[in-house]
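Per-chain residue numbering starts at 1, and chain names A, B, C and D are given in the order in which the chains are listed.
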Amino acid sequence: MRIDDHPILGKAERGRSITLTVDGSPVEAFEGEPIAVALMASGHRVFRYTTKQKGPRGVFCALGRCTDCIMIVDGQANVRTCVTPARDGMVIEKQFGRGPREEKG
Amino acid sequence: MKVDDLIICRCEEVTEGEIKEAIRLGLTTMSEVKWLTRAGMGLCQGKTCGRLVMSILVRETNQPPDEVKPPTFRPPTRVMALGALANGEKETE
Amino acid sequence: MKKARAREGIRTTGIPSKEELEASPGYPKSDCLARGPIVVIECVQDIPCNPCEGACPSGAIKVGNPITNLPVFDVEKCDGCGTCIPICPGQAIFRVDMTYQTDEATVSFPYEFLPLPKKGDVVQGIDRAGGAVCEAEVLRVQQPKGFDHTAVITVIVPKNMAMEVRSIKRAKR
Amino acid sequence: MKNTDMVVVGGGAAGMAASIEAACAGAEVVLIDENERPGGQLFKQIHKFFGSEVHRAGIRGIHIGRDLLKEAEEAGVQVRLNTVVYGFFPDKCLGLMCNQHTEELQAKMIILATGASENVLAFPGWTLPGVMGAGAAQTLINIHRVLPGRSVLMVGAGNVGLIVSYQLLQAGAEVVAVVEGLPTISGYGVHASKIRRAGVPIFTGHTILRAEGKESVERVVIAAVDKSWQPLAGTEKAFEVDTVCLAVGLSPLAELAWMAGCQFIYIPEIGGWVPVHDENMETSVPGIYVAGDLAGIEEASTAMEEGRLAGLAAAEALGCLSSKDGRARKAEVWERLAALRIGSFGHGRALAMEKILRAKGVG
C-alpha cells in the first residue's frame, strides 16, 4: 500500500530497489527507508509477539520511542524497525518475547 | 474483558489491576509504582504509559494531579546497547 | 431553543450553521449574489489568521488588527477573481456566480485530492455535510504553480444548489 | 571534552529557529537531533499554515521546514544528526551518543527544544497491530509514503486528529469516522469542515469501546458517553476498519529538563508538567532555555517564535548581542507571539503562559 502519487507531495522519490529476507521470504524494499515501512508496504502487520501474553504487536509510534516494532535484524534482537534504515540483504525475523522463537522467554 | 485486565504498560505488559494493587499496598508516587510493578521500566522507559499510570495514581489515591510528579529520570534517555558507554571517550557517571 | 441551536454549530458538527454563516461578515447577503461572480467567505471562528486579506488584489477583504478578527468582505470591491480561494489555510473561501445561466450557477472551491476531475466531467455536487445533493458539470480545473498544489475547481450546478454545493464527490483512486 | 557556545537539543521548528537566531548573532551553535534528518514534525505538516504573513501563513509546513534548513546552513549552524542526548550532567555537560559511541559536550548555553510525545488511550485491543498514534500515521503517509491501512477510525477531534484525518484521505485511505469524547470539536472548525465535506462523520460525545481482531485490528466498536465518560447502553456502533489512530493530546518530552534540575509547573491546558521559564524562555537553571512544545504544547508557528526568542536571549547572554539590540529583537518576537495567542483558541494558552511567568516570579 505505497503512496506513489500524492495531491500535494507529487510522485514519490525512493531509493534503490533492494531485497530483504523476512522470516525466510524475500520482501522488496527501497534502500534507506525504515525496515518497518518496507514491511507495511508488503502487508506485514505483526512484527513480534510479547513475552508474557504472547500478544501480536506492530508499529505504534513510528518515531523510535515506543519500541513496539522491535524485531531481530541480522541476528540482533530489540532493533527498532521504524527508525532503522533498510539495507540490501538484511535478514529480519519476528521477535518472540526477548529473542527468536526457540528461546523460552 | 475486565478493566483490571487492561494492559497499561505495553512494554512490560503491566495491567491496570496490577497497578491498582500496588497502590492499595500504600504506594503513592510514580517511582514507587514503577519499581514495584515494572510499569515504565521496559525498553521505552515509560514514554508511552507514563501519563496513563499517572492518571490511575491520581484517581486511586485522590491526590491532586499537580502532586503526582513523573518518576526520576536517569540517563540514558533512549535505548542503548550495553557497552556503548564503554566505547566513549571516557566513562560517565 | 437557543441551546438547541448552539448544538448545531461548527463546534459540534464541523459544519457552520446557517446562523453562523449569516452572522459572519465574510458571508455575502443574498441580494449581493445577483451581481455576478463574488466570493463567499465561510470563516466563522476567531482563528489568528489573515492571508486572505493580503491575497485580494482589489482590497475587498479586511481582517485588520487583531488577526483573530473575522474577515470583512466588501462586495463592492470584489470582482470575483478567486485569488483568495487557494490561499485560505482553512479552505473556507468559495466563489459563486448566480449569473452564469438562467437556471444554472457556478460554484468554485479548493480541492486537494487525486484524481482531479476534467473539464466536462459530470460529477456529484457535495454539500457541507458531505452529502451528494445534485449533479455538477466540471467547467474549469485551475492549478497554476502559485496555488501550491491546491486545485480550484469550478462546477455548474442548478441555481438553487449554489449556496449548498461546496465540493464534489471524491473519485476512487 | 569538547566545548561550544551553545547546544540546541532538537532540530524541529523551535530548535531550528533558535539555532538560526543564535548563529546569525555570531554564536557558535551545535544543533543536535536524534533523527536521520532534521525538521522535527515540520516535514509531516503538508497543509498550509495559519497566522499572518510574518508567521508565513498560507505556506505549507514542509516549505517552511526547507527554508529553515537552508537558513541554518547559511548561518553556520553545526547540525549533528542521528545523535541522541542520552544524559544531562553537571556544569551543562551533555552526554551524546552516535552510532553506539558516546562523547561529552559542554556548552555555555543550552536550549532544549525536545518537542512532545503523543498521549495514548488504553482500551481493550489497543495493543493490536493497527492501533497507532495519529503522528505515527502522519509520519508513514507523508514522510515514508506508505499507508498504515485502508480504512481508519480516528480518535480525537483536536487539530491533530482533524488534520491527520484529512491527510489520510489525501494519501488514499478512507477515514470511516472521527470520535471525540468531549461534547465539542476542540480543533479549528475549518479543519473539521474539510473532512465533513469529504464525507467523514464526526461523533462528538463518543468514545472507542474496543478494537477487535485476531492478529491485527479488524473491527472497532464506539459508543456515546455520558457526562462522567461512561458508555451509554444501546448506543454502540461498529465499523470494519484495519487501523485506529489515537490523537488524544500531546505531552512535553521533558526528560532532559527534569535531569537538568529545572523547576516544573503542572498546567493541564498546555500538556501537564512544563518547565517554568521567564519571558526569555530561560528556565530556573541559569543558561538553560526551553522552546516549542517542551515549553507548553502549542502550534508550529508559536514554536518557531519561542525558538527565535530563546536563541536571541541566549545569544544576548553570551554577549553576542548588545542588550539594546537584544531587547529590540525580542520585542518583535513578543509582539508576534502575542498575536498568535488571542481569540478563543489562543486565549487559554496566553493565560497558561502568564501562569508560568508568575511561577518564575517575573509575571
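One rule holds for everything that comes next: a contact is a pair of C-beta atoms (placed from the backbone, for glycine too) under 8 Å apart; a residue touches a chain by one contact, two chains touch by 3 or more.
It should be emphasised that the depicted structure is a prediction, and the values quoted were computed from it without experimental measurement.
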Selected interface, B-D versus C-D, where C-beta contact pairs are more numerous: C-D
Chain centre separation in whole Å, for subunit D relative to subunit C (CA means): 31
Between subunit B and subunit D, centroid-to-centroid distance (C-alpha), Å: 23
Averaged-CA centre spacing for the pair subunit C and subunit B, given as whole angstrom: 50
Centre distance in Å when subunit A and subunit B are each reduced to the mean of their C-alpha atoms: 26
In subunit B, residues with contacts to at least two other chains: 7, 10, 47-48, 78
Numbers and ranges of subunit A residues touching at least 2 other chains: 6-8, 50, 55, 57, 60-61, 64-65
Multi-partner residues of subunit D (at least 2 other chains): 34, 60, 117, 127, 170, 172
Inter-chain touch pairs (all): A-B, A-C, A-D, B-D, C-D
Residue ranges of subunit D touching subunit B (in the complex, touch as defined): 1, 34, 84-89, 95, 97, 100-104, 117, 119-120, 122-124, 126-127, 210, 251, 253-256, 258-259, 264-266, 268, 272-273
Residue ranges of subunit D touching subunit A (in the complex, touch as defined): 34-36, 46, 60, 62, 117-118, 127-133, 135-137, 139-142, 144-150, 170-172, 215-216
Subunit A to subunit D touching residues, read off their complex: 1-4, 6-9, 12, 14, 33-34, 37, 40-41, 45-47, 50, 55-65, 82-83, 85
Subunit A-touching residues of subunit C, taken from the complex the two chains share: 112-114, 116, 149
Subunit A residues within the subunit C interface of the complex: 5-8, 10
